[in-house]
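Lettered A, B, C and D in written order, each chain numbered from 1.
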């Protein structure tokens, strides 16, 4: 098992490296001088030169690339040209916001997916199944930002039920930050109003993202559960007199879980893409809105850092999925 | 015998399915979906083609007072600068289809041959290219597109290109995996043993077997591309105005939403949803039609 | 299962409602904004919001009296300017301390000015261009020596770049990233980027303590979010930047008070005088007649900006309405004389940048395009580039005509004339405009220190500028603040410093 | 004495998008206590459907009519929950493919526990272990293997495990659906051995569904031959083997290589099963029947009793052949 996890981690490294390489060169091929963007047009040439030197932009691109890879390996993502703060510091502050959002969104998506998908499969061809399919195909075509705006309008502006932006109300940031996940930090600090406020702010963004992603989960769960429901072991379990709930959840769903998890791992990338748009729509201070802001200013270290974080996030999730698969399926485990 | 799910009805003609009763249509989901999808698609294609004749006003010139609510003469209202929303709704289909089709074509034109050649060649090349493609494939597509689009700058071709990059691996993977199975099949081995050239084998024996499955991928990808384009222009990375573009209009409309000028958001949103719905229904229906036993792959 | 979920829902609802009532009535004011912080090191900060924060937590030798452009001593007790205008001698107040207790003395000033110059950050040039040396005389006295006499220098000393920093905390050769060590009315207690900044009173501030013990600045990503927060009562004050239509709506809302003031911020169309067809002054003149500023102001900004007919904003001395007013028939006749016609229109492109100046920018560009095209003799494309690319394009001469904005570094007509029109400065504006006479007049205006004399010189420059039209000034911005009725202490400042320390709850 | 299981006029249709498939059409037979019967026919004849119908395990698109009386209760009329309680406890079933009949991600133990908990929710774990160990032992598997996963078992072991599961609660009836078909010959013999053993030791009826008349011969005392959803012939095993009445039974018997050892040549039945969506008019066997007459093509033959056996063929009933056999009586 240990070697298995280790190999999976080793396999993830080239992926991160390749993405990083692509972004590194794409960033540099095209016009747009980050130094000028930072200093503004008024900067005298010697200041520009000094800044370029400071950022290593005067070296040949290959050398820059080598330098950058070297420092990334040391965990050094450089200093943001826009704020002067180290990128790792900024990312560590932004990442928990994205993590919190994606965890909640994923939970919602998985819940909807399993519930709707399983019952749709169980009632194959009947009303509930058709409802599940119509839901999945309709929601799939919702642009996530459009859906978010609609929810903001309904629940924030018209009904005044839910906050429509940000992670917290004024003064409602946990006092001590341990993990950066406000839900956990507020519990550790025993700040209950903060916890409530945090959950309150999480509702709309995570529902937006969760629902849009759930469309794929519904169809995945549905088609896989249909397959496993028609397997012999399901019939055999029924023939033993097993209760229907057990048949559906213990046999059909659990067996369908392995392929579902694998695809969920792949769709996680889609979730992250959606997260960027969701963050922008809801003023969510995560890496997504960070990336979008910094792209405008050609903040190379920040953009690269954000991309590496996204890539690592994807890689870690896919490793976790594999581990979960191994845990679920004894054939992989042994 | 007692197989509930995988009833094979692939041998039925598409046309025979049209015109059945509604209940049966809903039951026969692949038929109904392809059908509705096709109707939606042809609606948008017609709209795009005949835009100059249908649209009541020019989409790039103000045609009325700003911020008129939907009314006679401006059935979808006007924008804050007095552009007719309905005209932009119609012309917007051109931009959406154009970019989506260009992007998908670029992706297909790069992805398919690469998949064919690399899959056929196998070996180290295969491993390296596959690793690169897999990396891009697993990375969040929209984020990659955002980064590339921001760097390339605005313009139809640039936007299409940044979307295309995201979908190249999809084609590559589909094609490569099929090629590597087909190439060891008997009839290919046979062709090789009678001395057919590699190019002939690929073109004559492998390509025709592989292409049908790309139809599904193609229409699914166009749906995704429409969505990605909308996302990019929502973030301000799309085509410069006043070129009619739903994503831009939506982003602009969002700024007026709180003043209850809902029409600027709702109509472009509906346009995107319907077009994407058209493509994905068509794709889903086709998928079931072509591979009744495989089920949904995406 | 069902029972539990119902129970949970009820529980959550109870907790929610309790928590909503629990947060209220404390001694604080919450300010909402869509601005972003870059750096809070005065040697690096060079954009409105970061500067404005520094103006609340730090102070310099001199400062503006709120609501005026009059400069008065702050940390300085007094100063003398040598007769040649080259040496400024400052005497500090006694017993000045930073928020951490370290002394603010002459050495700290020398350290800070040297550091600001040697760090070579964005705003460094403001000091580097004029300051030759700083000499410490004793703990409370020091000299600043200039490279040449420079009348607006005292204004630079009121700007953030000249604020003193604590030599024990700030490194001489690195940008500082910690919470600022305060010398002003407030200090930063908590800073969560992209979310909120909490200010508390600085106990060591020499002057009148801030009116409200705590100020919380809440940062929103978009105007919509700011607007919704205002509507829901989450924030007490909204400052920068609501969309024009949102402000227009709030002005009629009795639950809020809105304040409006002139802003020193100006917008203009820039011509690259090296790019065809804009190298022809006649073309530039023709276009300047075609711009309908009233339409721009009404339709894009809901009349929340004022049309501007010169580069020096209204309200500043030296301002003189010189540019031609809207007269499309003039455009037509000039263009016809240049050989353009309906079948052979003048083909041009107008560039804008979509996020740097806010989301109204595309509408501004489109409106200008539409008024140009309304003449019937012009075909205008609209193009855009993100800010970084935009700057690159204008320094490389890619764009012939583009939209730009200007916010002054120091409050003096010089800062609205020199960077635009002086031959060596105009390339940085993307204009490449050059005129010997104007260069001489501008230099004279820097060396003269009496206002009537300088006004006369700037009058001449503005008259010369009209004929050449290297810029079409469009409008002057408006400062807008919206508050709940129970908030007081809003001062509309001509220099546009927003003072948190004057805000209070009635 | 009341039969343990009595099937009366059972018809089963499958609704598909392309029409209705008449999988089982009006069949009746009964199983006495301790009786073993074989349900025989080619694949697709409806024998598995019949077997599956007894436990109510047909897919949702199946439509069943008639009655299935088990100990006097109509299994088609009782509620799902009551039916569930019958499954595994009163009637259990084993299936053709042991490779897929066990849940791949569940331990063998958990299969037993699931069975036991389904019927005795309050049974404690030791009791459950005891019962499962004994059941496993009775089919010749070490109880220590309870902790294994199915993939650690061979095909034969899996089928024996299935049998162990089926008999663990001492049901009064076992339905075995092609229990040996997908196994190789040696393993087949093992499984048959286990079944033979069961027949001897347990007080249990058995319905053996198979296409292999050879298997039937040694295990059962009654045979029901089905063809294309129709009951072709039923009766006790010896008389059917000695003197098959229905032409189809004859053909079936002749196709078994080891029944008549002198006949070395492998025979097969010419033609193929009819399309059940659109079955031929009249007798369903006529297209392949060497004795086909005009009436066979027009009308469905009645079921008649000959020598205590039931047979559905115009050779033995109806007006045309009235002279040949006087004992015929139509049942409808």
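Please note the rule applied: a contact is a pair of C-beta atoms (placed from the backbone, for glycine too) under 8 Å apart; a residue touches a chain by one contact, two chains touch by 3 or more.
In this text, all values refer to a predicted model and were calculated from it rather than measured experimentally.
J.: Just tell me the minimum hop count from chain C to chain D, counting one hop per pair of touching chains.
T.: Minimal hop count between chain C and chain D: 2.
J.: Of the chains shown, whose Cα mean is nearest the mean of all protein Cα atoms?
T.: That would be A.
J.: What is the chain whose Cα centroid lies farthest from the Cα centroid of chain B?
T.: Looking at centroid distances, D is the chain farthest away.
J.: Distance between chain A and chain C based on Cα centroids, please, to the nearest Å.
T.: 37
J.: Can you check how far apart chain A and chain B are, centre to centre, with Cα atoms defining each centre and the answer in Å?
T.: Result: the chain centres lie 23 Å from each other.
J.: Would you mind pulling out the distance in Å between where the CA atoms of chain B average out and where those of chain D do?
T.: Inter-chain centre distance comes to 52 Å.
J.: Please set out, as single numbers or ranges, the residues of chain D touching at least two other chains.
T.: Within chain D, the residues that touch at least two other chains are 52, 60-61.
J.: Please list all residues of chain C that touch 2 or more other chains.
T.: Within chain C, residues 224, 228, 231, 355, 386, 389 contact more than one other chain.
J.: Give the residues of chain B that touch two or more other chains, as numbers and ranges in rising order.
T.: Within chain B, the residues that touch at least two other chains are 3-4, 27, 150, 153, 254, 257-258.
J.: Quick check: in the complex, which residue numbers of chain B touch chain C?
T.: These residues of chain B touch chain C: 61-62, 66, 80-82, 150, 153-154, 236, 240-242, 248, 251-252, 254-259.
J.: Within the complex, which stretch of chain C touches chain B?
T.: Listed in rising order, the residues are 223-224, 227-228, 231, 243, 245-246, 249, 299-300, 354-355, 359, 362-363, 365-367, 369-370, 373, 382-386, 389.
J.: Under the definition above, what is the set of chain A residues touching chain C in their complex?
T.: 30-34, 36-44, 46-47, 50-51, 82-86, 89-90, 93-94, 152, 156-157, 160, 163-173, 192-193, 196-197, 199-200, 280, 282-283, 285, 289-290, 293, 295-298
J.: For chain D, which residues count as touching chain A in their complex?
T.: That would be residues 52, 55, 57, 60-61, 80, 84-89, 92-93, 95, 97, 100-106, 111, 114-115, 118-119, 149, 151, 162, 165 of chain D.
J.: Could you list, by residue number, the parts of chain A that touch chain D in their complex?
T.: Touching chain D from chain A are residues 124-125, 231-233, 235-244, 246, 250-251, 254-255, 328-331, 334.
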